[in-house]
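Chain naming follows the written order as A, B, C and D, and within any one chain the residues start at number 1.
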Amino acid sequence: MRTRLLVMVAALGLLTAAVPVWAHHAFAAEFDQKKPLTLKGSVIKWEVTNPHSWIHMSVKGDDGQAVTWMIEGGSPNNLYRLGFTRDSLPPGAEIVVEGYQAKDGSNRAVGKNVTFTDGRRLFLGLQMPGTDGEKK
Amino acid sequence: MYKLRKIVVAGFLVLGTVPAWGQAPAYRAPRTADGKPNLNGIWQANNSADWNLQGHSAAQGPVYALGAVFSIPPGLSVVEGDEIPYLPAAAAKQKENHANWVKLDPEVKCYLPGVPRATYLPYPFQIVQSRENIMMAYEYAGAVRTINMGAPTKAPADSWMGWSNGHWDGETLVVDVTSQNEDTWFDRAGNFHSEALHVVERYTPRSADTLNYEVTIEDPKVFSRPWKISMPLYRRVEKDARLLEYKCVEFTEELLYGTLRKKASK
Amino acid sequence: MRVASLAALAAWVLFVPVVPAAGQAAPAAKSAVKKAWTAPRTPDGQPDLQGVWTNNTVTPLERPKDLAGKEFYTDAELAAGMKKEHERLDLNVEEGRPTEPGTADDVHYDFSEYGLDRAQTKLAWNKRTSIIVGPDGTIPPLTPEAAKRRAEHRAKARGHQFDGPENMSLSARCIVRANVGPPLLPAAYNSNLQIVQGAGYVVIETEMIHDARIIPTDGRPHLAKNVKQWMGDSVGHWEGNTLVIDTTNFTDLNPFDDAQNVHVVERLTRVDPDTILYQFTVEDPGMWTKPWSGELPITKMQGQLYEYACHEANYGLVNTLNGARVAEQEAAKKAGK
Amino acid sequence: MTTHRSLASITAIGAMIAVTAWGQAPAKSWTVPRTPDGTPDLQGVYANATLTPLERPKGLGAKEFYTDQEFAALMKRIQQGSVPEEADLGNAAPQDVRYDLSLYGFDVTKATLASSKRTSLIVGPEGRVPPMLPEARQRNAERAAKNKGHEFDSYENRPLQERCILMAQERIPMLPGAADNNLLQIVEGTGYVVLLHEMDHSTRVIPTDGRPHVSQSIREYQGDSVGHWDGNTLVVDTTNFTDLSAFRGSGEKLHLVERFSRPDEKTLLYQFTVEDPATWDKPWSAEIPMAKAKGPVYEWACHEGNLDEFVTILRGARVEEEAEKKVAK
């Protein structure tokens, strides 16, 4: 159903509406709402790409083996405007991801909630870069 | 003393007017309203540097069915001294890139070309020059970059078109480009770089309808020393010259996603 | 704009004073009386629209049913709306996405974690109840033949939206985003644009997908009819301080599916240092029974555009097509047993 | 001699036309005219058919020139139809199976033949191409061996001229070729001299400012030519050859220096020196007189009309292979 117009209407949300749902593409077609999961592990790298950034993280499987997962996130552009840089999410940071696994069964997921182990929520939970990349 | 000065001046005049072979006498471009050389316009390189920065002979193209249309044209080198000073390991990688260029060249996939390749792609680009920002929009893939002419700023992360800070050096627009990601190439012959690439471009008007484009390329991870390319850029002087939309993404989808297509049900 | 910490950031966003006049949003408290302001000029004498702007707004394109006939909010309603918006953000920041677990809506990252919630960046508040102006505030009904075209188009597409890349939206394919238009409408995030003016041209670059509309201001004729472009062919001219842009030569896929003869006129007028009033009219007699117009303020923002290279890492499209193929195989296996 | 002789039978050898420059004493001292730019005017249309053989016949040893009597006697014998070893009628020699050229207007009696009293085109005491170095012989033998038995496998195995890529008559250095369509036109523009061969419209645009050669990574069938004026003589230096356009088995290192001058109104004197350290142990030179001819140079498009001939050659081979297979069964 390719009517971009209707999609756009929903996107803008009403003054009273809860939240804009429109996204760059239908996430429910990429990830499976019937496969929720929670992943705990350490960041390998934050791939700062568009249309979506991807957090590569290492998760210990039940057998203790480390498995690499890719977590789909948002465009990094506005984080740049808020003073963040590529190095704002340092490798090794311990994070918890609640989300849904990719439909093709690969080690990919969308992170509905991504927090640090102490509960702080990602990026905006990060301490803003005091000196570097500061916007006058 | 007076006599000596006259001779010197005369000598200078003679020297000044005799152009060294190939160089036009220093040209002073018309000014923009804020007094800078006016680079506004639609420009295009007219060489086969995008096929191969170095001198190259004509060669068979990648697809036999396309015959002469997509054979590789010959080209003079745009590299000064005709030598790209690769470090040994990098030289091997370049040969491998060149051998598999159709599979590896990002331009085949309509990815953003990076700098300086965006300038000498076989398509026009337009310079829209204001005081604070000089925007360069390229017909290819809708690539675009805005050169910050104010106080230099730092990039938050690498990107395909890099991070451009510019300033004027007399008649020349000097653009310092950093933070280009390592996935772009310089041409279709596998010439590549790392994310440590540092490019300094110089755009200098040399006549009403041509610019001299010189680029110093530096990347300690790939090259043993900085090297330079240079070429003229020609203004597109057709009466209604303009950039048209060339969003080539859709022309790569069969290549990139075709195998994921649903098989026709048997 | 030096931001010390999350708290400060959240505070800054919350503290947006009540804006006295419709259509204006300014970071600092404005004195009641606006001193006479004249639009600045570029060195070569053109009205200066340059800068980095955003058309990020909560105002919907079409007026919600329950507000039929009401074109403007009162000051109080606007203030309530702003308060509601920021409460929504706070809740979201505290408790995450307010979507029902296990539903398709829930399968998405949380915008606010990436600073992409619309309330986390400058919002161009205005008292209109919809971007589309006029008593109805909605897009006119389709003409019969347009409705037929659309129905046929959808019937053909039904069930095939993940067969191949060409069945997916232009946005998912990173070809072009509908909000770029023209008309230029807000996107869910990164709804930013930069205007640069050079001799004889105005360039409007939208951040998503680095689309630079290069608009000649000499009022030259349009391209030949058969040359179609995703963003049409725009030609501009100045009327006093207003840039008027006329665009034709669209395809029938963008920005309006099935519209085969769209003509858009846009007007950009800088009304104060931080606001451009953006107005547009869309017409296509073969699509809508009458033309329709809209208006929204575009407000100056700090910072700049960043590269939004979309196609280069469009893993999402691959995963989606892959997901569809895996689902088909599983369905076939189940059916086979 | 790799040139591809193409004239059919000689019928009217007896009626050899009066060769204008034949043995006449040079007219009063003639100076070459100038183009408006002031450069020597070599312009015009020339034919390079000649009777002098490339290499000196064995019997003549170190004799570089005929005396007038010897020359006159030689001419008489040729006119009576017996072509001794001392003369090389090249295109005029009886030919293998080919259509009768005279049907298509190639009447040797009308060809303009420049002549000189030299005993061979190659100058110097030996008057012969120096012996090929062992490495060159081996290189060429390997290439021939690779093609042996595969001559008709595919287009790559056919000679360059049959593929209309590089005709014998357009190769450089320019050797006398078939009388048919081997006119050479010279046109001079500011800073450039253009040599146009009628055969396959082969054009060499030669800058005369003595600029450096193109990068060595550029290899070309006809190499990269750069010229300069040396008095009334155009000197052209050419490098950057490929080993595919091998001139008598030469390789990429072939270096050619050509000299064009006009000793008299009717003649263009073409002299060349070739050296290739990977092919011959020393350089060798030759001198070929070209006679002014009546133009114009017509278009001679080869590839465009080559389909049938070429297909026929390859299809012929396929048919033969099929036939052999049947027989073998």
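Methods note: a residue touches a chain if its C-beta (ideal position, glycine included) is under 8 Å from a C-beta of that chain, and two chains touch if they have at least 3 such contacts.
Quick caveat: nothing in here was measured; it's all calculated off a predicted structure.
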When all chain pairs are ranked by how many C-beta pairs they have in contact, which pair ranks first?
A-C
Whole-angstrom distance, CA centroid of chain A to CA centroid of chain B, is 36
Report, in whole Å, the distance between the mean C-alpha point of chain A and the mean C-alpha point of chain C.
23
Inter-centroid spacing, chain D versus chain C (mean Cα positions, whole Å)
72
Per the C-alpha centroid definition, the whole-Å distance linking chain B and chain C comes out as 33
If a residue has to touch 2 or more other chains to count, which residues of chain C qualify?
162, 174, 304-307, 309, 312, 317, 322, 324-325
Chain B: positions in contact with at least two other chains:
156
Multi-partner residues of chain D (each touching 2 or more other chains):
none
Which chains touch, pair by pair?
A-B, A-C, B-C, B-D
Could you please specify the touching residues of chain C with respect to chain A in the complex?
1-6, 9, 57-62, 64, 73, 81, 84-85, 88, 92-93, 96-99, 101-116, 118, 120-121, 129, 131, 139, 150, 153-154, 157-158, 161-162, 167-172, 174, 178-179, 185-190, 207, 254-257, 302-310, 312-317, 319-320, 322-327
Could you pull out which chain B residues touch chain C in their complex?
32-34, 38, 40, 110-112, 126-135, 137, 141-144, 146, 148, 153, 156, 159-161, 183, 240, 242-245, 247, 249-250, 253, 256-258, 260-262
Partner chain C, residues of chain A touching it in the complex
1-5, 7-9, 11-34, 36, 47, 49-54, 70, 72-84, 99-100, 102-106, 108, 110-114, 121-125, 127-128, 134-136
Mind listing the chain B positions that touch chain D in their complex?
54-57, 74, 76-77, 82
Touching residues (chain side chain C, partner chain B) in the complex:
42-45, 50, 160, 162-166, 173-176, 194, 196-201, 203, 205, 209-212, 214, 216, 220, 223, 227, 229-231, 304-307, 309, 311-312, 317-318, 321-322, 324-325, 328
